[in-house]
Every structure is written in C-alpha cells, then in structure tokens.
Amino acid sequence: MPTTTPASIEVETHAATEVVDITERVAALIDGAAGAACHLYLRHTTAALMIATGEMGVPEDILDILQTLTPKREYRHDSPAHVAAHFLSALVGPSLHLPLRDGKLGLGQFQRIVLMEFEGPRRREIDVRLLAEA
Amino acid sequence: MPTTTPASIEVETHAATEVVDITERVAALIDGAAGAACHLYLRHTTAALMIATGEMGVPEDILDILQTLTPKREYRHDSPAHVAAHFLSALVGPSLHLPLRDGKLGLGQFQRIVLMEFEGPRRREIDVRLLAEA
Amino acid sequence: MPTTTPASIEVETHAATEVVDITERVAALIDGAAGAACHLYLRHTTAALMIATGEMGVPEDILDILQTLTPKREYRHDSPAHVAAHFLSALVGPSLHLPLRDGKLGLGQFQRIVLMEFEGPRRREIDVRLLAEA
C-alpha cells in the first residue's frame, strides 16, 4: 500500500557523535508513493541530515572533518562542544529533498541518506513529506 | 484568511554582519495556509538562510564561527571580505524548506529561521512559496 | 512547448576541480513550465550544486576556499584527496530549489546556478523536477 504523508521516522542514536544510515528506512516508507520528491525534515538543532557516499569509512571521515570546522574558542553560549553541535547542525542543515522515480527513491548509485549526530545519544524525529509534481 | 503564494518578506539589516530571526514573520505569513511545505528563497549572494537553535547567543556564535571558515588570502576577485561574504552565502545557501502541519510551521521545539547577513546593511527579499502535497 | 518533468541535464567536466555555470541550461529547460519551484538533484557523491554570484572570478574563489576546509590528515578511507571530494560533495549538497515566476527562474539579479566538480573529469547527471504550488 502506497504511503501517504505526513509520516515520520524515529532514530535512536547511541553515541555523542555518530553516523546513522537511514536510506533503507526511507526507501521502505516511500515505496510505491506518488509525487515528484520526498522531503525529509529533522526537528532538532544538534544533528543534521546529509546525502553522502556509502563507501566504507567515508561517512565517518566526513563526521570527523566536520568536527575540525569548529574552533576551540570562547563562545557567548555555554561550552564549546555544545556550540559546535549547534553550529554543525545549522551548517549541514535539517532538510533533504530526494527525487522520486516511479515510486522509488531516485538516488545516485553511491548516494546514501545519513543522519549526523553531533550531541547524542538522543532520540531523533524526521518528518517525511511527499511533494506533488507540477 | 489563508495566504496564497507567491508572497515575499523584506528584511532590513543594520550592520555588516547580523543575525535576523524571521520565524514569527514566516509563521504569520503562512498561518492557515495549505500545502505540505513552505519554500523560502533569498534572492541575494551575500546573505543566507539557516535553521538554527534560538538558544541565547548561539546564532551569533554560529555567525562568528562561519567567519573563521574563510582564510585571509589573495583572491581573484576583489577584497577578502567581499569574497568571504559571497563564499558564506553560497555555502550556507539561499533556500529553506519547512514542513507544514495543519497550516502551521512544523519546526522542532528549538528551531528558528534566521537570516545571516554577511555584507550589510542591506535590504533583503525572501520569496515564499507553498508546495503541494502529493 | 512547456517542459514536463522528470527531465535531466548532463554536464561533462574537464578538470579535477572546476566550476560549471548551468544557469542558462536550466533556464532553457524550464522556460514556460508550470509549478512553484524547480528541484535540481545531482546523482553523484564527488560534486555538488550551489547558488553563487556570477561576479568574475568569485565562483572559482569559492571552489578554492572549499578546498581549504579539508585537513590533510589520515582517513579511514583511501586518499585524502578522495575523501575531501566526498566531504565537499556532502557538505555543499546535491540538491537545489529555485522558485519559478511566471514560468521563468526566479533567481536574484546576481545569482547563478553552478556545478562544483571536486573529482573530475566526469560526466554528471542532474535530475530536474517541477514542484506544484499548493
């Protein structure tokens, strides 16, 4: 039975920083669905969604490189680690759009949908919508 | 009366760099509107739109961290500060998508919509569209 | 005749790193099309799509600054250059949304649509969809 939206996906993370591949869960949820694109929206400010290669080890390398972007300095707010989590969440962003082809995710061959956890462990909620073709 | 789109929001910035929280303006504009998602699009190349936490001081910290990403080096074009503004605008991006739930913005509890000004003061225009559910 | 989607754009890149302005190709493809927004989706993990100023030299400066974001360190996967290409592709992202106004691209005056090649030369495919107004 084709999905209708709004729908949502819940993800439990298990470490302070972590990559969680949610491709199969999104694919299962939208299988057979109508529409031109699928919109994923993460309702949190210390994690983010990315499209990244699934090649062994690379998503974890990407998470490590992201951590290097946040200088260890004085912040207005709280601890450097907490500000860094907020910064990376805002920079990478909470929103992804994926094209649909005949009711399937139209990802490229090596593309995976990943949740980047910057301040876990937490329970994360992702809103899923199907957008209509014009 | 529910909004129809296209609509737009104008923002006046007052400093060279500045964070402007536009959440309430977007919420008021789309209140009661139909559709699955709201698309915001900033028509400028030296500012950007972000979803960030509203926690005290953090959006300003995020703006400061962004500034550290642009090295002080020689550029093909113009001054380092001008290139930095263009770089950050392109990196952060001009486009946001927000899910709608029953005619309201479906943001997470701590999420705010912010305009990041990288080369103000300027008058900034944001295009607002409602996208249909499939 | 107005375009219908799905449609796609193919881009051949000619160097290891390169900026390719695809604005005119997108504009020609969607000329007269219906819908509220145009969704571009790049099906690759070592390139990305950006909205950037078209001012002389700045897109190339942006590409150079992006390269500085990836530290020369040990990675789990492969060579630093290959990981850097994957990182920048994931950070910048494969997806763009452009508002439509009366069947034309609603870009700002100085905004251009660019493909950023991080590991060329390659043949790149961009999926184009039109999204319906609510």
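Just so it is clear, A, B and C label the chains in written order, and each chain counts residues from 1 on its own.
Heads up, the rule we're going with is that a residue touches a chain if its C-beta (ideal position, glycine included) is under 8 Å from a C-beta of that chain, and two chains touch if they have at least 3 such contacts.
Predicted model, so just to flag it, every value in this text is computed and none were measured.
J.: Could you work out how many touching-chain steps separate chain B from chain C at minimum?
T.: 1
J.: Shared numbers divided by all numbers used: is that above or below half for chain A and chain C, i.e. same or different?
T.: Comparing the two copies, chain A and chain C contact each other through largely different residue numbers, since under half are shared.
J.: Could you tell me the distance, in whole angstrom, between the mean C-alpha positions of chain A and chain C?
T.: Centre-to-centre distance between chain A and chain C: 20 Å.
J.: Return the residues of chain C touching two or more other chains; collapse runs of consecutive numbers into ranges.
T.: 36, 69, 91, 93, 97, 131-133
J.: Mind listing the chain A positions that touch chain C in their complex?
T.: 36-37, 50-53, 55-58, 60-62, 64-66, 68-69, 91-93, 96-99, 101, 106-111, 131-134
J.: Which residues of chain C touch chain A in the complex?
T.: So the residues of chain C in touch with chain A come to 5-6, 33-36, 39, 41-46, 69-71, 75-78, 83, 86-87, 89-91, 93-95, 97, 125, 127, 129-133.
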